[in-house]
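Both of the next two complexes hold chain A, though its partner changes from chain B to chain C.
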Partner chain A sequence: MSSVITVFPAVWAVARREFKMFFRYPSWFISLIIWPSLFPIGYIFVCKALAGPNGESLSTYASYSGTTDYISYILIGTFMWMWLNVMLWGFGQALRTEQIRGTLESNWLAPLQKWFLLLGSSVYDMLRWMMFMVIAGIEFYFIFGFRVQGSLWLMLLVVLLSIPSIYGVGMVFASLVLWAKQANTPVNVVRGVMMVFTGMTYPIAVLPQWMQAVSRYLPLTHSIEAARAVAAGSGLKAISGNVEYLLISGVILFILGFAGFGRTERIISQHGSLGHH
Partner chain B sequence: MSDYLLALRAIFKRDMIMYFRYPVNVVFNIFEPFVWMLPVYFLARSFMVGGENLGFEAYSGTTDFVSFWIIGGIMSFYINSVMWGMGFSLKNEMWLGVIETNWLTSAPVLVQLIGRSLWGLALTTFNGSAALLIAWKLFGFSFDGQIIPALLTMVPMLIGLYGLGFGLAAVVLISNDANNVIDISSFIIRTFSGQEFPVTVLPRVLMAFSLILPVTYAFDAVRGYLIGTRTLLPMVQEQLILLAVMALFVSVGYAVFRRVERSVRTAGNLGHH
Partner chain C sequence: MSEPALRVENLCKEFAVKKKGGLFKRLFGRFGNGDEDSNSDRKSFVAVNKVSFDIEKGEIFGLLGPNGAGKTTTIKMISTLLRPTSGSVNVHGVNVSVDPQRVLQMIGTVLAGERCVYWKLTGRENLEYFGALYGQRGPELKQRIDYLLDRFQLSKRADETVEKYSTGMKRRIVLARALLHNPRLLILDEPTAGLDPQAALNLRDLILELKGEGKTVLLTTHYMEEADILSDRVAIIDHGEIISLNTPEQLKRDLKQTKVVSLDVLEWKDQFGDALCAAGLVSNYTAQHDTANRRWRLTMHLADGVSVGAMMAAYLEQGNSVQSLAVNEPSLEDVFIHLTGKSLRD
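Coming up: the complex of A and B.
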């Protein structure tokens, strides 16, 4: 068992390596600045087109979503989805890229629990995501005029409570990538499924009943719902159901993530197929 | 010429073998069209009045937003395919450590680049057909327009995109980064050309930008032919613009790529990443 003393330097070494590579490619900065406002803009104009020049179809939208402010609605949905997207790519690519580069097996030989390698890259992802969050906040405020009517602390709580489930999904996903030896397509499908079921851009009330039932099981649905409610001015009591679900699902997914990764690691080591790609 | 065709065939075959080597790709690709269509379908539903997108009609001339979007979506598959196929293949070869070896073969680099996009185009055609079938069966996609002129309109767009692809490949060689360069440029082109909405909804500044992008006229003319939307210009004028831009993009893209190719060969940093 790796001791805490050896774990932290190892995790930090992985995170530092990722940061070094990040700074080596300046175009990543451009993407960090551009994506927060570029990604939702397409959906916002789609809504504008669907609403009509005089907003003649907005009342239907409001009857489903409870608001005519489709811009804030989309900004929150796309922001939470982009976070999951960054995590999926981060977890998925962390090991896959090393497989392609041919460095995964040598790193695997380090005397460490293997999930520390993932933890290191997730520390990097987390710090990068924090930068992304600050930039998105500034851009949403100045470009789209987005304002949080409720408590900012409560909004932060929703974000914090979403971390375990998003990381749990990420760990399960990392195992899937090791099995499938492919990251791109699984990322596209998982993020696409989340896009469909979690109501990123539309109210889940428009979904058929069975799809609504599925969406209630996805933690991201609750994160988006709670964040939208807080942005509209609701308090803790109004989002207590979402908060409870995020807490419970976060613990379960985190445990599943660890267990799944541990099992995958054992099987792949036995088969000797770690470096195969 | 026959040597080039031989090289193209070999690259196509290699990419196809690699694709089928990852069965998960094949399975997931079948589901992908659903995944990309459903969110837009439900978004459109949330604005429907009496089962129709009446607000949308005022901008586009049709209430059939789903068909409008599907045509844009399928054309975008091709844009993505060319841009990712040509730009990302270089980065992938850098990672795999084979780019220098491949460049030492007698097949010209441009032929190799074109070759890397061919399997993607074949796959896109398959996925696009599957998407059309799904859209027709499940989402009520229909068109009663002229398919031949619509397809002919796409030809200069695709050839022009190859020119853009050469330019992108040059940027990848200089920056050693593919993901961001391709992702951002293809997203901007697709979004502001009106892949998902009529460009007339854009504010003036953004609309001016969209009118500079040739793909805008391709989306517009193809939709005009297939589902009878109001077009920005007469369709013949839009096709002439596409032809002119095709010639411009291919010649400029080619010149830029050759210049960068010479530069990396001289500097000896081709394999660096």
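Coming up: the complex of A and C.
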């Protein structure tokens, strides 16, 4: 059985392949330079308008969010959401792209377990997101004076702990792409629901009670909440509840996603529909 | 006795064919029209039926048949992309269903078309990428890539993106990709389809060179000349079943007792041919219209013991005329017509 260590060069080859093709399309710099800063800026201006000319309403905002620094609050939320969104859909998107390119079957002929190919595409997504974040951080440093006060190591821990649950759900989307080919509609619905329920740009305390109850079940809510707490300078103890939830949900969702993908792989090899799109 | 490079035994593939209909039709149609038998929406289609053959080491084995005969389905089952409904496939003694990863290390597959590589990567980058997927790396991989690029006359254009390659070059880079890990069995699905005659000729030469190096090759084709030139043995497949298997020479020799007559005529109706068949003079015939010369080209396989003169007399008695007549040496196309009653192009 191929292990992660023996197939690491293959996983890295997938990521390198995607980077090469990404940079071969001249419009790459638009997504790299403009989009990361453009996405949160609208929410920041909405908050600025609601805060009043001298920030009179910020105390109300602070009573829900625990901070008057709405810029950092929104930036951390949107950074995390962009990453989680890219990773959630990354597996499915990678398979869909291969289906349309016509290269999925030739990749499937390689003697390695197929989820390593997905892992490679997620490494590419992760690195691209990190590039986005560095560029966005620099842009917001100069535009809004954005600073991260907390520990970067702890922030990295939050990111790492979010991965298993994200990969689990991502595997479900990947299975959907293999089975149904076109999975844009369910993906967009899930994306929209996540955006509303996880408090990407606002504290979930403003949501109705039943929506708050739902949001507590979403791992993404805990990732964003923990990242915000760490960015504001909190320690591991303050985010222990989020860490616990991310660990447990990560194990469950990863196992479910992995099993679902394996099952779907078997079904499509019976139907012979791997290369269809 | 040594074990064959490939052993296919009683291979079957049956697909469920779902009746197309909208969601509403599927949900409510059953209740609306009183059809409560949900099974009526499901039919099955047998794409491959009890296919068996062995390929010996170093042999080129051709799977010849028209489009939709089951060639690609068979290849996909051998290449682990498709799970058989029943039957077994063993590559050098390893069962495809039991250890697919090991089988994939032993085979190199070229699927139909040239979209098996990344057009936005260079030829060299494609080989580096696929080499890494096969666990190759370092100087050894670089050396292998340089060798294959040189071998397939791609060295000069190796650092250009594949999208700038001609169709023949794209096909060569796909073949180079399949050979990266030096597989023992090479599987080629319609390797020359869509190539111009010169590019097809070059590719056929390459395949023969690979055989010379001891590679075992399984190729599918619907070009009978290709199967004839390249293959040591040919299996003729139609409607998912192998209907004949032998060397091309033997297949043609078997047919030699049957006379194959070519006729050029100005007027043709199928009823003329049907009458000859009904009279027991002709076993099979095909008719193709030559638009440029405004005439019909007929190929007639005479029934056993029937002379050309007897058939022609009966044909002319129907009031027909003939522009030209030739008695041919049988080709694999004639073998196919003789066995199936239709042309490969039908």
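Convention: the second predicted complex is superposed on the first by the 253 of 277 C-alpha atoms of A that agree within 3 Å, B and C clash if a C-alpha of one lies under 4 Å from a C-alpha of the other, contacts with A are read in each partner's own complex, and residues count from 1 in each chain.
Definition applied: a contact is a pair of C-beta atoms (placed from the backbone, for glycine too) under 8 Å apart; a residue touches a chain by one contact, two chains touch by 3 or more.
Remember, predicted model here, so these are calculated numbers, not experimental data.
Trainee: Clash or fit: what happens to chain B and chain C when chain A is overlaid?
Mentor: On the superposed model, which is not a single observed complex, chain B and chain C fit side by side.
Trainee: When both complexes are superposed, which of chain B and chain C contacts more residues belonging to chain A?
Mentor: B
Trainee: If you stack the two complexes on chain A, which partner ends up touching A:111: first (chain B), second (chain C), both, or neither?
Mentor: A:111 sits against chain C, while chain B stays out of touch.
Trainee: First (chain B), second (chain C), both or neither: which does A:216 touch?
Mentor: So A:216 meets neither chain B nor chain C here.
Trainee: Answer with first, second, both or neither: which of chain B and chain C does A:48 touch in the superposed model?
Mentor: The answer is first: A:48 touches chain B but not chain C.
Trainee: Just to be sure I read the superposition right, which of the two partners does A:21 touch: chain B = first, chain C = second, or both, or neither?
Mentor: A:21 sits against chain C, while chain B stays out of touch.
Trainee: Considering only touches as defined above, state whether A:266 meets chain B (first), chain C (second), both or neither.
Mentor: It touches chain C, and chain B stays clear.
Trainee: For the overlaid structures, how many degrees, to the nearest 10, lie between chain B and chain C at the C-alpha centre of chain A?
Mentor: In the superposed arrangement it comes to 80 degrees.
Trainee: According to the stated criteria, A:10 is in contact with first (chain B), second (chain C), both, or neither; which is it?
Mentor: second
Trainee: Touch check for A:181: first (chain B), second (chain C), both, or neither?
Mentor: A:181 contacts chain B only, not chain C.
Trainee: Considering only C-alpha atoms, give the closest distance between chain B and chain C in the superposition, rounded to the nearest Å.
Mentor: 6
Trainee: Quick check on the output: what are the common chain A residues between the chain B footprint and the chain C footprint?
Mentor: Common to the two interfaces on chain A: residues 101-102.
Trainee: Which residues of chain A touch chain B once you look at their complex with the stated criterion?
Mentor: Touch residues, chain A against chain B: 25-28, 30-31, 34-35, 38-39, 41-43, 45-58, 60-61, 64-65, 97, 100-102, 180-182, 185-186, 188-189, 192-193, 195-196, 200-203, 206-207.
Trainee: Within their complex, state which residues of chain B touch chain A.
Mentor: Against chain A, the touching part of chain B is residues 22, 24-25, 28-29, 31-32, 35-36, 38-40, 42-49, 53-60, 65, 95-97, 175-177, 180-181, 183-184, 187-188, 191, 195-198, 201-202.
Trainee: For the complex, give me every residue of chain A touching chain C.
Mentor: Spelled out, the residues of chain A in touch with chain C are 2, 6-7, 9-10, 12-14, 16-17, 20-21, 24, 101-103, 105-113, 266, 269-272, 274-275.
Trainee: Of all residues in chain C, which touch chain A in the complex?
Mentor: 13, 15, 73, 76, 79-83, 101-102, 104-105, 109, 111, 113, 115-121, 125, 128-130, 132-135, 137, 161, 177
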